[in-house]
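Going in written order, the chains are labelled A, B, C, D and E, and every chain counts its residues from 1.
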Amino acid sequence: MDALSEAFRLIITLDEDLFEILWLSIRVSLSALTIAAVIGLPLGTYLAITRFPGRKFCILLLNVLMGMPPVVVGLMVYLLLSRAGPLGWMGLLYSPTAMIIAQAVLITPIIAALSNQVIESLHQEYSDTFYSMGVTGGRAVAAYLVDARYALTTCILAGFGRAIAEVGAVIIVGGNIDHLTRVMTTAIALETSKGNLTLALSLGAVLLALSLLVNALVIGVREYAQKRQYA
Amino acid sequence: MDALSEAFRLIITLDEDLFEILWLSIRVSLSALTIAAVIGLPLGTYLAITRFPGRKFCILLLNVLMGMPPVVVGLMVYLLLSRAGPLGWMGLLYSPTAMIIAQAVLITPIIAALSNQVIESLHQEYSDTFYSMGVTGGRAVAAYLVDARYALTTCILAGFGRAIAEVGAVIIVGGNIDHLTRVMTTAIALETSKGNLTLALSLGAVLLALSLLVNALVIGVREYAQKRQYA
Amino acid sequence: QSTTSTQNSGLYDYLLPMLKEDTGVRVNVVAVGTGQAIKNAMRCDGDLLLVHSQPAEEAFVADGYGAYRRDLMYNDYVIIGPEADPANLAGASNVTEAMQQIKQSGAKFASRGDDSGTHKKERSLWQAAAIDSDAGSGQWYLETGSGMGATLNTGVSLSAYVLTDRATWIKFANKQDAIILFEGNPALFNQYGVTPVNADKCPNVNREAAEIVTQWLASDIGQSAIGAYQVDGEPLFFPNAN
Amino acid sequence: MLKSANMPNPLLPICISGLRLIRGDRAVLAGVNLTIDEPGITVLMGPNGAGKSLLLRSLHGLITPDQGRINLGSLTVADSRTEQAMVFQQPVLLRRTVLQNLAFAAPKTAKTDRQRLIQALESVNLLDRADQPARMLSGGEQQRLALVRALLGEPALLILDEATASLDPASVLLIESLVKTQNVQGTKIILVSHDQGQARRLADEIVFISNGQVAEQSPADRFFTEPRTPEAKAYLAGEIVV
Amino acid sequence: MLKSANMPNPLLPICISGLRLIRGDRAVLAGVNLTIDEPGITVLMGPNGAGKSLLLRSLHGLITPDQGRINLGSLTVADSRTEQAMVFQQPVLLRRTVLQNLAFAAPKTAKTDRQRLIQALESVNLLDRADQPARMLSGGEQQRLALVRALLGEPALLILDEATASLDPASVLLIESLVKTQNVQGTKIILVSHDQGQARRLADEIVFISNGQVAEQSPADRFFTEPRTPEAKAYLAGEIVV
């Protein structure tokens, strides 16, 4: 209860620090989500509708990568971007960009694996017809993505949920540096480590409220579009 | 590369500490997964096939909870189980049980939301027939779960991936105590903070190998059963 | 159970088996920052506190949460930084001067920013040097809001200066091109203490075990064991139980 | 030409009044008024898209009409649900074997009565397919399975939506005789068919639907010899009516 | 009774030899040998589950047979794919509007040619449904849309699997005339039908399938007047053959 009222206070007093952190959280998560969706959705679809040797293995790999520990992803991106690493010259470590990269790496397999599942079942229905019409490759992928768009929103929301809630990877590559790379989750971890559990929980409540907003928005738009279409 | 050979060395020398940690990771994640599946699958199914006011809101809530930061879940379970908390008398804090509880809280919404999506599309096909046959309530839920079992494995694997990879919640309620509550992810975090990046990565590789094993097993069984059925 | 950030130094891995052998008590370590450790203990989630922020510990005892506090051992803080040493710390004669040189050189400084003992120490140093570090937060003053190890990872990677306890630094494996640039100043003295949690406030506390552990740590055996702990040929902690 | 039945059918008469259903911006059912008190077989005919399926789905409770009321005997649609069964234009079978599909539909008490299921399968010549995945059956086989599944519950009203559309001539006759027997045993049958031969063989009464309305309701013999509406005349002659 | 065509059809003759297909432990196609050089309309008849759909699916390339070969003219099944079109027993429409379904199937160059799509819709009386979600069409309307979609690509071979099973009499005649016109323009037609009236009206040649094999192949007039095999006799008489 304390946490909720504290969260409320933070929001209505328009606490400047809070908004800076919140905005960075949104920016990083949405950027990563965009990258992950642009790669993951076609990838998952492609794997659902084409048959080639090694396909099963690719799907297996996606499922495994879904279970990739954020800390490990963070470490790998860290090593890649650190001054001694191959991309060190870009000087990206401990920047929002680094966090976006790490999160994109983390979420892409999730979106790919989940969309693979969704498209797989649509494919059971469409495959014969598409084969007959000679629809293959990019056209087929596009058609599946369009026709499954409502079901795919859940995959995307799952990816968003993972991104916005994630702390292990962003703290390693971002460093939780105040006014630079501090996001909601790393701030929560910090307050926890300071023992400010109430503040930590209230930040959590704010983050959940954000999540609620985004989800309500997406689901609302989906429902509206669906209704218009089948009215 | 160092990390991989180190991982290899750890495994073939049957490093005892490693196996203790690995085993705890498996035990905690699978227990949490079992709880989450037992609650989440019927819940997701029920929400997919019944119509009542507030149903949309429940689904929205599940989607939001999918994006619940592990740290926040950890904190809440911590407050619940701490000696000063309501369940403090059970003395569960800093025990594997506490970790299982936290992870179950974390994964249940994921499994529920994803299975909801899967069942929703099966429901489009079955609903009229089930209505006509008067199949409702528990029987309908059971029938949907049985008939969608192959598609549901992906939801379960997503939950497992999340559980096995998760660090934020288990470190708060488990405390990363050596020989008691240290799991793979918290060990990785510890080695990272010690600056032992190679060791951390090699632990990550071992964890991924475990993930690979579990996924291969599940998907293998699924393929086999599917093939037998439609041969 | 006990809490502190001495874990990274490896001291516990060395000490606890000896303790178990001598007293039969098995200790579970929950390693978090001093701030969180104290607050956890205030919720009765712990039997024994082993941290390094004397004023906070004394307040803990004064408020009735702790039974009493004993000095246990000390080590010292050092400032590490890139070998090139752009702020020329090697040439600083005292800490205050060192801090001022860092600020003036435009180099980066990575702070833990987590209310830990180390962080509190560092803030007092800035204050002594009359520098408002918060004004540069996010530019040259980087508050990582993390533990010592993570802060070192960040600092080393960014060629920043970092104030760290010697024990953690010696054990730290990801040093890259960073070295100790400033050390041995009396102002950088770091005292650790043990505080058993007060059984009056927390009835569930494992009082006897906490007492046994405290006694053992302060005993000659415990003290010499602490003194004998070395990494890379260097002692990390210096026993000074009272 | 009334069929013999031991008791009057509790779902008769079926009264539909002022039924309207809007889809998109079109009234796909535009005020249907229909009373069926004939206990025999009622055949619904009418062009594609006339609204036959929607009418039957409303009657079965799958669709809630925008306006109008439906009563079956003294019951509402909802109350009569367990007394009704329906076979759809495109049968939906569970992802299970043929036998399991039947077992799932069987009333709980009869679940273990394997003998009865075997008999049911035999009655539609599907016994040798019993352990095959139901969704791998040929189109005609699926229709037969769906029918026998619907009959298991011994409904008082059986609704068939083009249930024999893709059956071979022998299966058509088989199903027709099954349906007739069921009707003799007291089940009211309402079916949709575009097959005039079938309608002639089965119907006691014809209801002709056109443009979301009942255009004509006549005893079967009269409908085919002297249809009263121009729509029905054109339909029977195979002329295009939109 | 050869139809006029400007050029010989490149997919003729269709040669199927030794085609075997095992499903479960049953040979659902048990060595089919069939040569079709008739450029007119070939109608496949046979009991439910005889293997008609599987044979057509093999011909279309949707199923790879376990044994045997199929050649169309000088082409293999794979090479002839773009020349073929098929309308399935249960039409599958995209989750889009009627018009978008057509547009999706149209060859890329004709994509923008809305006029042509409108004409096509008109030819099957679906113009007023153009902007409706396709999956909400009535059963018969879906069949008509699927057919016109298949015709868009101007295939050299059109395969129809019970494409008129749920059409009203007028639509049946409409489709039949469309199919005939298409055949006159040079498209080879192979269709499955259980409707003997339709077979008589359309067929130049009848292939009778039974138990996964070709039982009889005759010119249409001969088949109906004097079927040579007992299976065909029984089928036409509506007797049950399993």
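One rule holds for everything that comes next: contacts are C-beta pairs under 8 Å (C-beta built on N, C-alpha and C of every residue); 3 or more make two chains touch, one makes a residue touch a chain.
All values reported here derive from a predicted model rather than from experimental measurement.
Participant: How many steps does it take, at the fewest, to get from subunit A to subunit D if each step moves to a chain that touches the one before?
Facilitator: Step count on the best path from subunit A to subunit D: 2.
Participant: If you apply the touch rule, which chains end up adjacent to both subunit C and subunit E?
Facilitator: Chains touching both subunit C and subunit E: A.
Participant: What are the two chains with the top count of C-beta contact pairs?
Facilitator: Looking across every pairing, the one with the most contacts is A-B.
Participant: By mean C-alpha coordinates, which chain is most distant from subunit D?
Facilitator: C
Participant: Where the CA atoms of subunit A average out and where those of subunit C average out, how many Å apart are those spots?
Facilitator: 37
Participant: Distance from the CA centroid of subunit C to that of subunit D, rounded to the nearest Å?
Facilitator: Those two chain centres are 82 Å apart.
Participant: Could you work out how far the Cα centre of subunit A sits from that of subunit E, in whole Å?
Facilitator: Computed from C-alpha means, the inter-chain centre distance equals 47 Å.
Participant: In subunit E, which residues are in touch with two or more of the other chains?
Facilitator: 23-24, 136, in rising order.
Participant: Taking each residue of subunit B in turn, which ones touch at least two of the other chains?
Facilitator: 192, 197
Participant: Which subunit C residues touch at least two other chains?
Facilitator: 147, 150, 153
Participant: Would you mind giving me the full set of chain pairs in touch?
Facilitator: A-B, A-C, A-E, B-C, B-D, D-E
Participant: Going by the contact rule set out above, which residues of subunit C touch subunit B in the complex?
Facilitator: Counting only subunit C, the residues touching subunit B are 1, 7-8, 12-13, 28-31, 43-45, 147-150, 152-153, 171-175, 202, 204.
Participant: Could you please specify the touching residues of subunit D with respect to subunit E in the complex?
Facilitator: Of all residues in subunit D, those touching subunit E are 23-24, 46-50, 52-53, 89-90, 125, 128-129, 132, 136-141, 144, 162, 165-174, 194, 196, 234-242.
Participant: Any idea which subunit A residues touch subunit C in the complex?
Facilitator: 78, 82-84, 93-94, 171-172, 175-180, 182, 186-187, 189-190, 192-197
Participant: Across the complex, what residues on subunit C touch subunit A?
Facilitator: 32-33, 35-40, 113-116, 137-139, 142-147, 150, 153-154, 157-159, 176
Participant: Under the definition above, what is the set of subunit B residues touching subunit D in their complex?
Facilitator: 125-126, 128-129, 131-135, 143, 146-147, 229-230
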